[in-house]
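You will see chain A twice below: alongside chain B first, and alongside chain C after that.
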Partner chain A sequence: MSDFAKRIVVLLIPATLALAWVGGEMRKQGEMGRRLSHISADITQVRQLDQDLYQARRKSTGDTLFITSDSYPSYGGPLTVATAVDKQKTILYTAILESTDTRSYLEKVVGFGILNVYTGVRIDQMPKLDGISGATISSTAITRGIEASANKIGVAEFGMPAIGKEDAAATPETAKLLLIVFVFAAALFLVYKDLPRKKQLRAGLLLFSVVTMGFLFGTLFSMSTVVSFISGTWLEGLASYSAMLCMVLAIVTFLVTRKKVYCTYICPFGAVQEGLGKITGCKGPEKYPWMEWISRFFVWAILVAALYFQTPSDAMYEPFSKAFNFIGSGILYGLTILIVIASLVIKRPWCNLFCPASSIFFYLRFARKAFAPKSTADISNLPLHAVFNEKSKKEAG
Partner chain B sequence: MKKALSILLFWTFVVLCSAETIPKFVASAQKDKDSVLFSAGVKSITAPVNGMKRGDNQDYKSLLKGFKADGA
Partner chain C sequence: MFPGTTILNYLFWMGMGMMQILVIAGAYEWLKHFKKSVQWWQMVLIYGCFISFSLVVAGGFTLMGEYESQGGWYFIGYLGLPHVIAMAILLKLFVFKKAPV
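Our next item is the complex of A and B:
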């Protein structure tokens, strides 16, 4: 393939993603009043009173309702809820209007009855709830959103005092972010330093990563993170930036070192597979170019679809949530078991055969090579620090 | 043997990951853009519209047992 053709391909990929995103933005334009009338078949004649405040009528009784919505940052972006209150200050309906969170997490939270907790309750006697373990961020966004929207109606219609928005993070964000920075710094230290027990140190770092980034905090980045990043939903606020930070650092370290530092030294899921492979001492799979191209096409197609439908969580097909948080669909459960068993026969089967991170790193490498000046072609495969060393030697000479 | 296993494993990944993602996108394509994701109402209220999901109606005090509740 000529350099020109390579450059066209490199540019076409972000162009198709941008087109999908623009198409999605045009598609999602909806009208809030019509959406609120869909909370229940009993709600009719919705009309706007104020910016976020609507009045409606119950079909069954003819009573007046006040409905309002509020958004709170959740895992994948803003989560919007609505609350409908009657003239006796009683909450009649609660609803989740929009969310970019993983569907299975939301289903778990709703399955616990989080929306029902508030129905039938007076807005001046609201229960104060904390998050649900295992889906803390989503459940906190829902409870805070309902509390804020109910208070909005209370202030506007019943003269209740305004309650300030609760902005404290639902999970220990600072600890997570510091942990990620520390792990990447430790990985870079291992990459650059010739240490006597490098293998053992790498194994120790991987184990540490499994325990902390995997089981404790669940900070792995996924396709969902990639879609959130590209679509810009994170600009509207996220409850947790840890997966985003992890992804950004994985890309930055790849661009700087030209090595997959994240995959080799950090990824908890890769570490689990590698650990299982050590038991049997198995080798990597037989890989063919067509496998890699199918895998890359799959990643591209999923990104286009998720950007078009504006649903980052739908893009996630990695079994991380099932492996470390035990949340996910039956298919992901099957996939996780398959990978665990296969890891005993083939080294890192998921990483080597179908992990989307490999396709993303391939694209970055391909793009760099396509645009690398001819004169530096011989050093384009060297890590950045090695390139600088070469230049320093030439200048000194 | 290893070659066959790698190919089999690869196609199983393709099938499972497609089965995980494609139905979600199909559902997004079919979903009315004005519909809501989940809703709940007090007992005796009629069914929601547009085929959305609704949480089961339960006594909220019993539900609070599942939460770390304060002031309920």
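Our next item is the complex of A and C:
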């Protein structure tokens, strides 16, 4: 393939993603009224009163209703909740209008009856709910969204005082972010330093990563994180930035070192597979180009679909959440079991055959090679620090 | 297992018992053929793990029979997986061990 063709391919991929995103934004326009009318079969004649305030009529009684919505940051981005209130200040309906969270996880939260708690409650006597244990972030986004939207109607229609938005994070974030930075720093230290027991230190770092980033905090980045990042939903707020930070650091370390530092030294799921492979001493699969191209095409297709439908969580097909936090669909459960068992037969089966991170790193490398100026010296394949060392040696010489 | 029948349950479990004899006898012959020296207590551990795994599968399908299909699958998955890993470790330690130099 010529350099020109390579550059065209490199540019076409972000162009298709941008087109999908624009298409998704256009699809969303004017949808709010239609969505509000679907909160209940009893709601009809929805018309907009103000920017975020709608009036509707109950089919059964003919009474007037006020409906509004509000968003709060959740796992994958903003979670939008709608609240319908009648003229007696009573909440009649609550519903989740939009969410980027994992569907099965959200179903679990709704299954606890969090939306029904507010039905029949007066907006001037709102109960104060804590989040649901084990689903703190999503449930907090829902309760805060309902409280804020009910207050919005109270202020606009009943002259109630406005209540300030609750912005405190639902779960502590500092420890997670510091941990991620520490793990990446330790990995870089291992990459650059020639240490006597490098293998053991790498195994120790992987084990530490499995316990902390895997089981304790669940901070692995996934396709959902990539979609959130590209679509910009993170700009509207995220309940947890740990996965985003992890993804950014993984890409930065790849660009700087030209090595998959995250995959080799940090990824907890990769570590679990490698550990299982050590039991049987199995080898990696024989890879053919078509296998890699199918995986790359699949990742591109998933990204396009997720950007068009604006659902980052639906892009997540990795078994990470199921393996470490027991969250995810039945299909993910089956996939997790298969990958874990396959790890006893093939070395790192997920990493070698299916992981979307490999496709993303391949694209970055491909793009760099397509656009990087051709060097006469044989330094094109060296990592960045080695290139600097080479240059400083020449200057000193 | 077979609701409404008089003898099929007994025949089924007798068949299962006979198959266990085949498993043990087959394993013994296989080890002899490949000249693997495995101590009796090591065999007990491996076979115990296999029996435990079989009970997990039976437990999972019992749950499914009680209309708890999801619970059944999760039972087999989350309890069966550690069994499979434990069996792999035991086989590596006792059967496919490195030959002494």
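Rule of thumb we're sticking to: the second predicted complex is superposed on the first by the 391 of 397 C-alpha atoms of A that agree within 3 Å, B and C clash if a C-alpha of one lies under 4 Å from a C-alpha of the other, contacts with A are read in each partner's own complex, and residues count from 1 in each chain.
We adopt the following convention: a residue touches a chain if its C-beta (ideal position, glycine included) is under 8 Å from a C-beta of that chain, and two chains touch if they have at least 3 such contacts.
For clarity, every value in this text was computed on a predicted model and none was experimentally measured.
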- Three-chain arrangement built on chain A, chain B and chain C clash or fit: fit
- For A:35, decide between first (touching chain B), second (touching chain C), both and neither. first
- Check the contacts made with chain A and report whether chain B or chain C touches more of its residues. B
- In the superposed arrangement, does A:97 touch chain B (first), chain C (second), both or neither? first
- Message: I'd like to know which partner A:7 touches here: chain B for first, chain C for second, both or neither.
- Response: neither
- Message: Under the stated touch criterion, which partner chain does A:333 make contact with: chain B (first), chain C (second), both, or neither?
- Response: second
- Task: Check whether A:117 is in contact with chain B, with chain C, with both or with neither, and answer first, second, both or neither.
- Result: first
- Task: Please work out whether A:276 is in contact with chain B alone, chain C alone, both, or neither, and reply first, second, both or neither.
- Result: second
- Message: On the A-aligned overlay, A:199 touches which partner chain: chain B = first, chain C = second, or both, or neither?
- Response: neither
- Query: Once you lay one complex on the other using chain A, what is the shortest C-alpha distance from chain B to chain C, in Å?
  - Reply: 17
- Contacts of chain A common to chain B and chain C in the A-superposed view none
- Message: Could you list, by residue number, the parts of chain C that touch chain A in their complex?
- Response: 70, 73-74, 77, 81, 84-85, 88-89, 92
- Item | Residue ranges of chain B in contact with chain A within the complex | 2-3, 5-7, 9-10, 12-14, 16-21, 24-25, 28-29, 32-43, 45-50, 52-53, 55-58, 60, 63-64, 66-72
- In their shared complex, chain C is touched by residues of chain A numbered 276, 279-281, 330, 333, 337, 340-341, 344
- Query: Where on chain A does chain B make contact in their complex?
  - Reply: 27-31, 34-35, 37-42, 59-60, 82, 90-99, 103, 106-107, 110-121, 127-132, 283, 285-288, 291, 294, 298, 302, 305-306, 309, 311, 314-315, 317, 329, 331-332, 334-335, 338, 342, 345-346, 349-350, 353-354
